[in-house]
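Input: structures, listed below.
Both complexes shown next keep chain A, but they swap its partner, so chain B is in the first and chain C is in the second.
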Partner chain A sequence: MFESFWRPTLTDLYWFSPELALVGTLVTLLIAPMIVGRSSRNATWIVVLGTLVTILLSWKVGGDVRSAGLSGLAPPEAAGMLILDNMSVYFKIVLMVFMLGVALLWSIGSAKKEKHAEEFLILLVGSALGMILMAGTLNLLMIIIAIELASLPSYAIVAFNKRNRRSAEASLKYVIFGGISSAIMLYGMSLLYGLYHTLDFARIAYGVVADLQAFAAVDVSSVAQSVDASMPAAQNTVAIGVALACFLAGIFFKIAAVPFHFWCPDVFEGAQIEVTTWLSVSSKSAAIVLLLRLVDTFSSATGAFPGGASLSALTGLAWGLGIVAAVTCTWGNFAAYRQNNVKRLFAYSSIAHAGYMMMAASVFVHPDSPLDYSPIAAVLVYILIYVFMNLGAFGVAAMVVWRSGNENIDAFHGLGRRAPWLAIPMLCCLVSLVGLPPFAGFIGKIWILLSLGASGGGLYWGLVIVAVLNTLVSLFFYLRIVKAMFFVDDGQESFTPPISGLAMVNVCAVVLVLMGTLFIEAPRRKAEFYASNLFRPAILKGGMSHAENAAIDATQGELLRLTEGVARIEGERNRRSDRQAQTP
Partner chain B sequence: MEGSLLTLLVFLPLMGAAGCVVMPKEMARVIALLTTLVTFLVSLWLIPPFLAGGDAAQAVNIFGSSYGETLHFVQRIPWITGDSFSIKYFVGIDGLSMPFVVLTTLVSLFACAASWNCHTWKVTKNLKAFFVLFLMLETGMIGTFVSLDFFLFYIFWEVMLLPMYFLIGVWGGPRKEYAAIKFFLFTLAGSVLMLVAMIAMFFYSADAVAGGVPSGYQDGVTITQGTFDMIELATNSAIQENFAAATFMGVLPFASTMFIFMFIGFAVKLPLVPVHTWLPDAHVEAPTPISMILAGVLLKMGGYGFLRLCYPIFPTGGHFWASTLAALGVISILYGALCAMAQTDFKKLVAYSSISHMGYVMLGIAVMTHTGVQGAMYQMIAHGISSPMCFFLVGVIYDRAHHREINRFGGLWLTMPKYGTMATIGFFASLGLPGLCGFIGEIYVLLGTFEARHTFEWAVPAAILAAFGVIFTAGYVLWLIQRVYLGPEKEEYAGYPEASGREMAILVPFAALCVAYGVLPKHLLFDYVNGTLNHIVDTMQSSGAITALAAGS
Partner chain C sequence: MFIVGLTHYLILAAVLFCCGVFVMMTKRNAIGILMGVELVLNSVNVNFVAFDRYRPGGGFDGQIAALFVIVLAAAEAAVAVAICMNVYKNLNTIDVDRGDALHG
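== the complex of A and B ==
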């Protein structure tokens, strides 16, 4: 009976080793206290080691395997269960680097008085594992598991400071919002499954493109005139629309896109600042990478469609994503202006930045098009830059908050005098977040704008204009912190922050300057490499098995029936007009 | 060596800034002064290649036979290269930018000397940072004038914002924070649409050259990719044709839309009514040396941007908007002058006079005649000399009296005769008295506007209205001199010391330049710039002829 089980080969395990290393870190964290006793110090070292091993393994495995997938229990054709390609490798490395930064920040801050260090780090690493899985899958089942794996530890870690009412409230809001979004997402998924009888998103995308294409092929005016024949396609379109909207809602929740953003400010305010730092980048970027992968799957599906389908079938989807992106970044920037709590302010700032990234995600490019203005590469660079901007800004904010116990902007008053080596990197990070040269934030924005401009058309030029106007709006609230640091001084005493924290934020600032001036090209080149050669299942490449061909036959049969239906309507109409012509 | 001279010039102040950071606090102003002095001396090396520009036979060598054909001190280094784009570190100067570079280094030197007494200011905290930011600002300014790649230009353009924000916001007057954020927001509001224009121009030029077309100004170079090269965008006929014919977002004519996108950014800097309101605030609150920089250099970037980007690249846009822009120019002239007349704050008066003077620049460029554009250029340089001088004159008296109420002054000429003499020269230069620098620019602009009467039916009324600006200017300047410098000596000011050696060392060169530029316009400016300016105007006019032909047929 064991033959029927899936037994991974050594190669499979090797491909999967970065994730296994993270699992190993989790297990070690659980066991270590029993052997060597509880200690934040040891636990931090375990995490640092585990993270470094994960980075090394990802890099090594990524170097050996360019684009592949594991199917696990599903048939091998549905290989999108666990994907190992350049983009997933990139995301693993960037996320792990960011986790190192967060662990460092935690170790100089809350770790000192934390009695439950192991539990905290387990939740942190656990959510990281979920995010990594999220960035490397094309299977509906896996998507929901990954999202839950990322979310559940996040709910707990937000409430980690359990004596704090705000933390508890934030966590509860997070759980409720998260639960409802998951439910909506599952509903969307069940509709998709019902429509296409598969959990493999590549097949679903293929089917969606086929249906949308068929719908576009039907002459709409004739549908309006006479009712019956073309209705299946029209009904399908509505079902597809509902299904995709519900499905995307779950992802939008993780991105904190408007209107699924309400949890974000409360959670960011209630959580410890290290947790806020972690959530600000990780959950958003993981969901953005997942979104990019879905969008790329749609684009590839048009390329693989027999006889060729055009991207225009996906226009509605592009507009939907684009409008959500534009509203998200505008809303985030306007709402941030009214905030006095620094963590809330950064929450809205992160919503706005997610909006910028989503703009690039709304670009559907043909899979064979060159990578020059690839939106995927643009977002990958942006995520990298965003990691440094946020690590720097949150690092400074954390040190200021720990010092003063005050999370409002007035804690920053006179920081330019009190701790100049915190204030200057903070300035660099803030200006970079606005997106002004000579800092890297500008470059990140430029790549996104170039990918939008390359697509041209009303939607994308509109998004370009929305994005640059948002830069202006965001200046208002970032400058409030700058003003507090340098223009207002209410005589709070100077202080010397911990040296490792100083080193971290200053390194971030220097990286931002260098990536904004001398080293603009290198990160872009790297990102282009990592955005290339994405994993695309066989169905998206034309080389298909018998079952897949059968599926396509069925789809084409559907199309044929539609065409016949149209022909029948046309004939009917012709006959009618003939009759009218005959009876003068 | 010739190639890297401009790079050296751009980054010298930055090196000085680094020097300020590492050296002890007391040394900061010395290092800053030395840096600006060396930068100024180095910038003088830029002049020799333009020396024989007045000679017809030599002019072709110096300016080429068309726009952008001959550039000097060119340095072109690949910076960001993709498969289908290439952003270059591309610097170079021609007749248009050379005077601005020298003006920048000169005004920076004097502004640095003007901040020598920084320890006596109201805000004396962290003066080291003041000089560091000052030198960063100078790098940004020089960089903006010398960069010929739009991407590089944009970076330098925005790099200026942050130092200026802090210079006003930390060391300024009572409402400094408001003034600083207003300056930042207005300038950024102008430049965000410039970013859209930059990206759009890149992709539309890529469409135009898709098959590979010969470069518009470099011999034997074929362009196959979209470009950020400002000269290429203006000279390549394939790109120009596509720009004139294309539409943006499906409905808007590309050229005139992009023209306006860029124009807004430069109009804010110029500043043009109705986007001028940041200027009086910024000027009044900024410390004296920063006002000098603002008036002397930053305002010129608006006019420079028109002549470098808007008009050569989108001449059809220039024709399309000509009447609107000329109207805005005339309104700026009159409104600025009337506002100046109403001021009781000395510095605010000078600030509004700047708006009025910059209106002439807009008018001169908007009519697109040779004379008008030359006048606009001359007006910018002349204003770059006279207005920092005026601001410094205000600063000198403010240091003594600690107020700027015009009506409380009186008889200062008797108290401080040397200072009074300098002030008279400075304000008369600003007034546009014949024989001083302000006159040439204004008269050229007016003549140029009349000259355009065959092209534009509104040219004559515009010129007549603008000429009234001269009278208003005379009105407020004469009234100002009467109230502040003439009349009986007031007891309140009787004991004031005469202008010190340092102050005279700044005022005398400025006064000398005012006189020199009033009597030797050809030898001091027109010979260096006319070659390039005429090429630019020829470009605008030829495309205008095409437009007219298309409209007629």
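== the complex of A and C ==
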């Protein structure tokens, strides 16, 4: 009976090898203490090796994706369960590079007195695996599994310092907000499933666009004819709205977009600084990539209709996302101004940066229209730059905090004299976070603004203005740290930080300078390439009508009924043979 | 004759959802909030299974989704209760309003 089920071949498993390498790292971390004994040094080496293998495999798989086209890692009927395309490969590599940095930071800091190094790293790698899956799926079930796989280890890793009151409280807030938002997200998913009878997001997006279009065209009969005739008339726009709002709430929670951002500052303040570094980039960028994929699915669904639906059906969604992005950005920047704790300050800064990225993610581009500046490429470049900015800034902050035991801005007083090789990279990272030339942050922001401007329309010009004003506001709170480092000196003694930490933050600063001056175009071209050729299931290419789509559903149902029948017959036979065996 | 249909299941799920949200908003005790979360997750399960049963064409994916939701709920409860224990050890309370070391 299993002939009818899809079984992966070796090639399919090869496409999936980066994820498998991460799983292998997890298992090795579990087994290693029994063989070579517990030591944080061994555990760190395992993670570094596992991460390097993952990067190499993603690189290799990425090269093959380029030559072999795109691949959904599933049978065609369930395409989108696991997606392998240029964007997911890119995200894997960037996230793994970032995890290397975090592991390095951890090994020079808390690892020395940590007795549970293996457990810490298992939680770190586990959440990385969840984030990688988030970036490569279009199936509601996989989305929720990936989000939970990313979240559950994050809750635990925040509470890792068990005797610390603040970290206990932070993890409680995190797990409660996270549980509530994922429950509400699941409710939205169940409504979407009920409306469109499928867990495949591509078909859901197709149905949503059809329904919204039919709703918008109630009194314009000419447009109504272009809607697929077999679609039911739109009566459920309210249900669609509620379902999508609940669904997006879960993603907004991961991004820490404004109505769902309350966990972010508390969690960032309560957690160890390495954990804060990890969460600040990874959970947000994974959710942003997922959002990009969903938005791309919606906008390419508009191209799938025979007459070519217009994007106007999605205006409401675009405005919703755009307004959330603008509010997130503004809120983050204004709230950061009042903070004294460096971790809290960076928490609000990361909320603001997530807002910038969401602005570009709210652009719906019609799949047929050529656009000079692709918003997806802009976000991908921004994520790369953001990784280096945050790794540098948090690296310096961590070394200062470990030295002084003080997390407030006054720990930075006189840093320019006390440890100039920390202060200079910190200056580079901060100016880059503001978004001023000649650093990479400026370039990243410019690409986002250009992609917003190129897509035109009142909403996007409004977002450009909001982003520029926000950059001015952010100047003030980042410069508070600069002022503390170079213009205030209360005579704290100078110190030499660990050499590997110095190397890491200075490399980050050099990368930021290079990407802001000599190599402006190269990362952009790379990202343009990685943002191209996104995986789009057949239904979104206009190749399949809604009727054909329903036919696939019916075949699947038929198949399942057949297998059910076979199972029943087999069960009957087994029972009969059992009875025969018992009789003598 | 009265026949139980999809609508009745959906009403049940909606009522469960509202109860869950109400519990989450009014309870001060962390365990109480988690019970609200479980109520919402169960309403999700009712939805998935009912939609699956009444969907044209048949298929299993809704029921499989419900199974996964049950597993996720168990995993989340395990992590959340462990965190509550840790909080109780540190703060001697699991009242979410009493956690005020972080001013959020």
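Annotations for the structure displayed:
Here is the rule we use: the second predicted complex is superposed on the first by the 509 of 584 C-alpha atoms of A that agree within 3 Å, B and C clash if a C-alpha of one lies under 4 Å from a C-alpha of the other, contacts with A are read in each partner's own complex, and residues count from 1 in each chain.
Quick note on the criterion: a residue touches a chain if its C-beta (ideal position, glycine included) is under 8 Å from a C-beta of that chain, and two chains touch if they have at least 3 such contacts.
If you're wondering where the values come from, they're calculated on a predicted model, not measured in any experiment.
Once the two complexes are overlaid through chain A, chain B and chain C fit side by side, free of any clash as defined at the top of the document. Set against each other, chain B and chain C differ in how many residues of chain A they touch, and the higher count belongs to C. When the two complexes are overlaid on their common chain A, residue A:R163 makes contact with chain C while staying clear of chain B.
After overlaying the two complexes on the shared chain, residue contacts for A:P437 are found with chain B alone; chain C is out of touch. In the superposition on chain A, A:I184 makes contact with chain C only, not with chain B.
Of the two partner chains, chain C is the only one that A:G194 touches; chain B does not reach it.
In the overlay built on the shared chain, the residue A:T471 is in contact with chain B alone; chain C does not reach it. Figure legend note: chain B and chain C, brought together by superposition on chain A, show a least Cα distance of 29 Å. When the two complexes are superposed on chain A, none of the residues of chain A touches both chain B and chain C.
Looking at the complex, you find that chain A touches chain C at residues 140-141, 144-145, 148, 152, 155-156, 159, 162-166, 168-173, 175-176, 179-180, 182-184, 186-187, 189-191, 193-194, 197-199, 262, 265-266, 269-270, 550, 553-554, 556-557, 560-561. Interface residues of chain C, counted against chain A in their complex, comprise 10, 13, 17, 20-21, 24, 30, 33-34, 36-37, 40-41, 43-44, 47-48, 50-51, 55-62, 64-65, 68-69, 72, 75-76, 79-80, 82-84, 86-87, 89-91, 94, 96, 99, 101-102, 104. Interface of chain B with chain A (complex): residues 79-85, 125-126, 154-155, 158-159, 161-162, 166, 169-170, 176-177, 180-181, 184-185, 188-189, 192-193, 195-196, 199-200, 202-203, 248-250. Interface of chain A with chain B (complex): residues 370-372, 416-417, 431, 436-438, 442, 446, 449-450, 453-454, 456-458, 461-462, 464-465, 468-469, 471-472, 475-476, 479, 483, 486-487, 520-521, 524, 528.
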